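Think of it as A, B, C and D in the order they're written, each chain with its own count starting at 1.
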Amino acid sequence: MNVVEYISGILKGVKSLLIGMKVTGSYFFRPWKIVTQQYPENRKKDVKWFYFLPLWKAHGKDTPAERKQIVMLERFKGELIMPHNEKNEHKCTGCGICEMNCPNGTIEIISIQLTTEDGKKKRAIDKHIYRMGMCTFCGLCVKTCPSDALAFTNTFEHAVFNRTKLNKVLNKEGSTLMKGVE
Amino acid sequence: MTDEQIKEKILKILPEVEIPEGKPTLTVIVPPDKLFTLAKELKESPDTSFDYLICLTGVDYGKSMSVFYHITSTKFNHTIILKTSTQNRETPAFDSVYSIWKTAEYHEREAYDLLGITFNNHPDLRRMFLDEDWVGHPLRKDYSDPINIVER
Amino acid sequence: MAEILEVKDIAQQEYLINMGPQHPSTHGVMRLVVSLNGEIVKNVQPHCGYIHRGIEKMCEKLTYPQIIHLTDRMDYLSAHMNNASVCLTVEKALGIEIPERVKYIRTIMDELQRIASHQLWWCAFGMDLGGLTCFFYGLRDREPILDIFEESTGSRLIQSYYTPGGLMNDIHPDFQKKVKEFIKYFRKILPEYDQLLTGNVIFQERTKGIGILSKEEAINRGLTGPSGRGSGFACDVRKRAPYHLYDKVDFKECLYEEGDTFARYKVRIDEMWESMKIIEQLIDNIPEGDYTAKMKAVIKLPEGEFFQRVETARGELICFIVSDGNKNPLRVKFRSPNLINLASLNVMSKDFKIADLVAISGSLDLVIPCMDR
Amino acid sequence: MAFSFSIYDFTSFTQWIDKSLYAAMPPFWALIVEMVIIGIVFLGFYALLGLFLVYAERKICAFMQCRVGPNRVGPFGFIQTIADLIKLLLKELIFIKNADKILFNVAPFIVIIVSFLAIAAIPFAKGLHAMDFNIGVFYIMAVSSMGVIGVLLAGWSSNNKYSLIGAMRSGAQIVSYELSVGLSLITIVVLAGSMQLSTIVEGQRDLWFIFKGHIPAIIAFIVFLIASTAETNRGPFDLAEAESELTAGFHTEYSGIRFAFFFLAEYMNMFLVASIAATVFWGGWMPLHINGFTGFNHVMDFIPPIFWFFGKSFFIMWIMMWFKWTFPRLRIDQLLTLEWKYLLPINLVNVLLMALIVLMGWHF
């Protein structure tokens, strides 16, 4: 091996190592570049000051507390719900299309026959059962629902102590079908 | 080469193949015992040069067992499908194309594992995903597993 | 009682170690039975199937729109491309023309997903080689992409965004702005990857000349994706059999002739640049229109066989559907690029050190759920 | 002797303890009591420093990686390492079937005792020095190289293939890097003309050796930094543990407090080599003095020596942590290539160069 090559090889290697060290070192001295979100705290509005002490410097225009506030995006598929209005009415007609479209049997609809005022028989839901433990959040039920009765909320903390607690009934107690929805 | 030329070429190599019309990709139905020779010829002749086996699929039609070979040429970029079938559903066996395309090794092992198709002259035909002592081949139409498969 | 072994017996014995199912460098539950001679790898025997879920069997019982949500669970880092494979096959079989807007969005989403996947690969590869800091930088830069996905599709990893004929829902109004912001940010940050890892002399020593696979061998073994392109095999489906809008955009197929681990690494870094280029060409020109084509409520494919080749982040994915005319497919086969790439591991790592085996399997970028399906 | 205590000079304080002990009891017992006191002080120091270093490393690596690091247990996560220690103490010690029981149990103790032995020769401040050997440098090198025995025994007795590979790697690594560590220290010994650490420190009264010895001293320092990082199984040289290859290398099978011993020993070894580097190259507890600048020297003298010592050691440790969190790991053959083809020849030339400089009187 040539001596010049040997030494220039060493110098080149050392230089490449120093370039790498520059990257990590520069981040070490720039604590405002930290991207960690501190989970249980960032949900609250009143963020305690000392959670962000390592991030003294404000991030641009926002204060650290604002920057680290958790942002839930509106389309986030957290949990299936059936929106009810203030009169406790929902839009589900009990047609069963969501049950049919669900790929893994998450939804089960127990329907009853109602007799309306003018004597007609009509199908309505008794229970819209949603087994969250089986749900894969593919969104087919919401997409295919003809009356837009289902929606996703962005709650995401679903941990429970018992698996049966994941089986939910989506229609509320005593709720009725919204007027004008067929 | 266009599809027409490939068709002519294949018919010249092996007159007993059947080429159905109206397929989106040129599909050639080959008798199982002639498949290996045709494949080898298609790979080695310089004007076709099908050197890349994209995919090998075993299919259980319920009555017969088939294997599809999607082959393409990296040189000419033309793709055809070879199909071969057997009526013997109990012990279907085809010739392995491992010696032509080495990529067939895992494809064939997979087909053996899930469909029970044996490939002659395969260097290492073992189960791929399932345990060695697994009974049955899950992708077969008559496979039943009352515990794990929920019928809807 | 242990047998008393002669020295020459011991020399002939294989020193077998199990890498996995629980091992930091297999990135999932895969087992590599490695026979060693000292530190030198003599033979690698992969054992997969630890997370075999039978997706192909499940597909036979489901309708076509329902299959989509299973496909993201194969290669969870290329969820969009996996969805696209089924969607494109079904659309091809039905012969429907999808709106131009959908094509644009699908292309952009695919490329974003490719960047995200390569970022995760980069950090995992750095970690395989012992540079833990890479892991956090990669994940940090992947976060904006996941936020973009979450905003439009509703989930971060497993989106199920494509449906046969179009998309689940339209893109978010902020989508274009966010994507442009990300591209601006990432163009600035990507050179940092090179500074930290690519140029590093230790890294180059660890990867150059390691795990060489020739072009002929790569074609013969079906090594596709960035791994195949590192061997000089021009296997980019986006060029060879264009789908989406890839025939209209201008991008380079990254090819390296060396076939070693470093070439595979470079291909992926270059692909991130190329993906950004593709996105920049499209992001301003998304045409107005429907986000889905008119589809029947129950999709039934005509009898026959249909397939679509799709370039995922790690290779060529094929969705092959055999239909008997019902609403369920008769047989669905996914050609997993990971499984086929894994087959080359033994050839590549022969006579290299055990540390190189980790580097080589890292450079193949294996995603185990795709392998096992 | 009257009691006196000064933060600038511990000599009178230690002398006072010594004198009062010898006055109070027969010499034999006085010696025993003295040894026990020093042992307890070192044990306490050891535990506290270990806890602090683990915390510091986690925080430093977190900041380099754009993270916050431990921040849950106590303010800024200060109590995190104490919580970890309690967890490790409470954990079950798993005994491996077919393991060599005696060696398996002895190995962590060997590793920790070795690092404990070496710390005795370190001068922390003026007069704060447990044993001032006239061959201090040699003693430290001799003692610290024994740690490899513990690592080898741990790997072999675990009856685990990963552990064995890790231990063998570690053996090859430490034995070869021992050479570079020794030679780079010898370079400075040539300059200082003594192996006694107190003399070496005193010799840096007017200027630290790294500045005094021109280029050879700087080269020796860099070589020492690299070689000692390798010797402590850290940073880019952590092949013995090599998480992504060998899961945890030689301590794969250890659990609970026995694992904690290995863990602690790693940090203490790091402190040890950092303090040797600080003592030998950067003047130890000696403040920064520049010949001629009397005012400046007085200002520097105002900072107590013990802060100088720990400041330098922590700075060197920070550099070692910087290495670890930047570089990918080397392969075993590259590791040995680096030692035998690069560091060792450079070192040998360097010693000659230094000898020449000393002979010609070219140093400052």
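In the analysis below, contacts are C-beta pairs under 8 Å (C-beta built on N, C-alpha and C of every residue); 3 or more make two chains touch, one makes a residue touch a chain.
The model shown is predicted, which means the values in this text are computed figures rather than measured ones.
By count of C-beta pairs in contact, C-D exceeds the other of the chain pairs C-D and A-D. At the far end from subunit D, in terms of centres built from Cα atoms, lies B.
One inter-chain figure worth recording: subunit A and subunit B are separated by 43 Å, centre to centre, where each centre is the mean of the chain's CA atoms.
Centroid to centroid, with C-alpha atoms defining each point, subunit A and subunit D lie 49 Å apart.
As a whole-number value, the distance joining the C-alpha centres of subunit B and subunit D reads 64 Å.
Within subunit D, residues 64-67, 325-327 each touch two or more of the remaining chains. Taken residue by residue, subunit B touches two or more other chains at 152, whereas all remaining positions touch fewer. For subunit C, the set of residues touching two or more other chains reads 133, 140, 196-197, 200, 202. Listing the residues of subunit A that touch subunit C in their complex gives 12-13, 16-17, 19-20, 22-24, 35, 73, 75-77, 101, 103, 136-140, 143, 152. On the side of subunit D, the complex with subunit A involves touching residues 60, 63-69, 71, 75-76, 322-323, 325-327, 342. Across the complex, subunit A meets subunit D through its residues 10, 17, 20-21, 23-25, 27-28, 31, 33-36, 38, 50-51, 53-55.
The residues of subunit C lying in touch with subunit D in their complex are 15-17, 23-25, 39, 126-133, 135-137, 140, 196-197, 200, 202-203, 205-206, 353-356, 358. The touching residues of subunit D, when paired with subunit C in their complex, are 61, 64-67, 161-162, 165, 169, 236, 238-239, 242-245, 247, 325-334.
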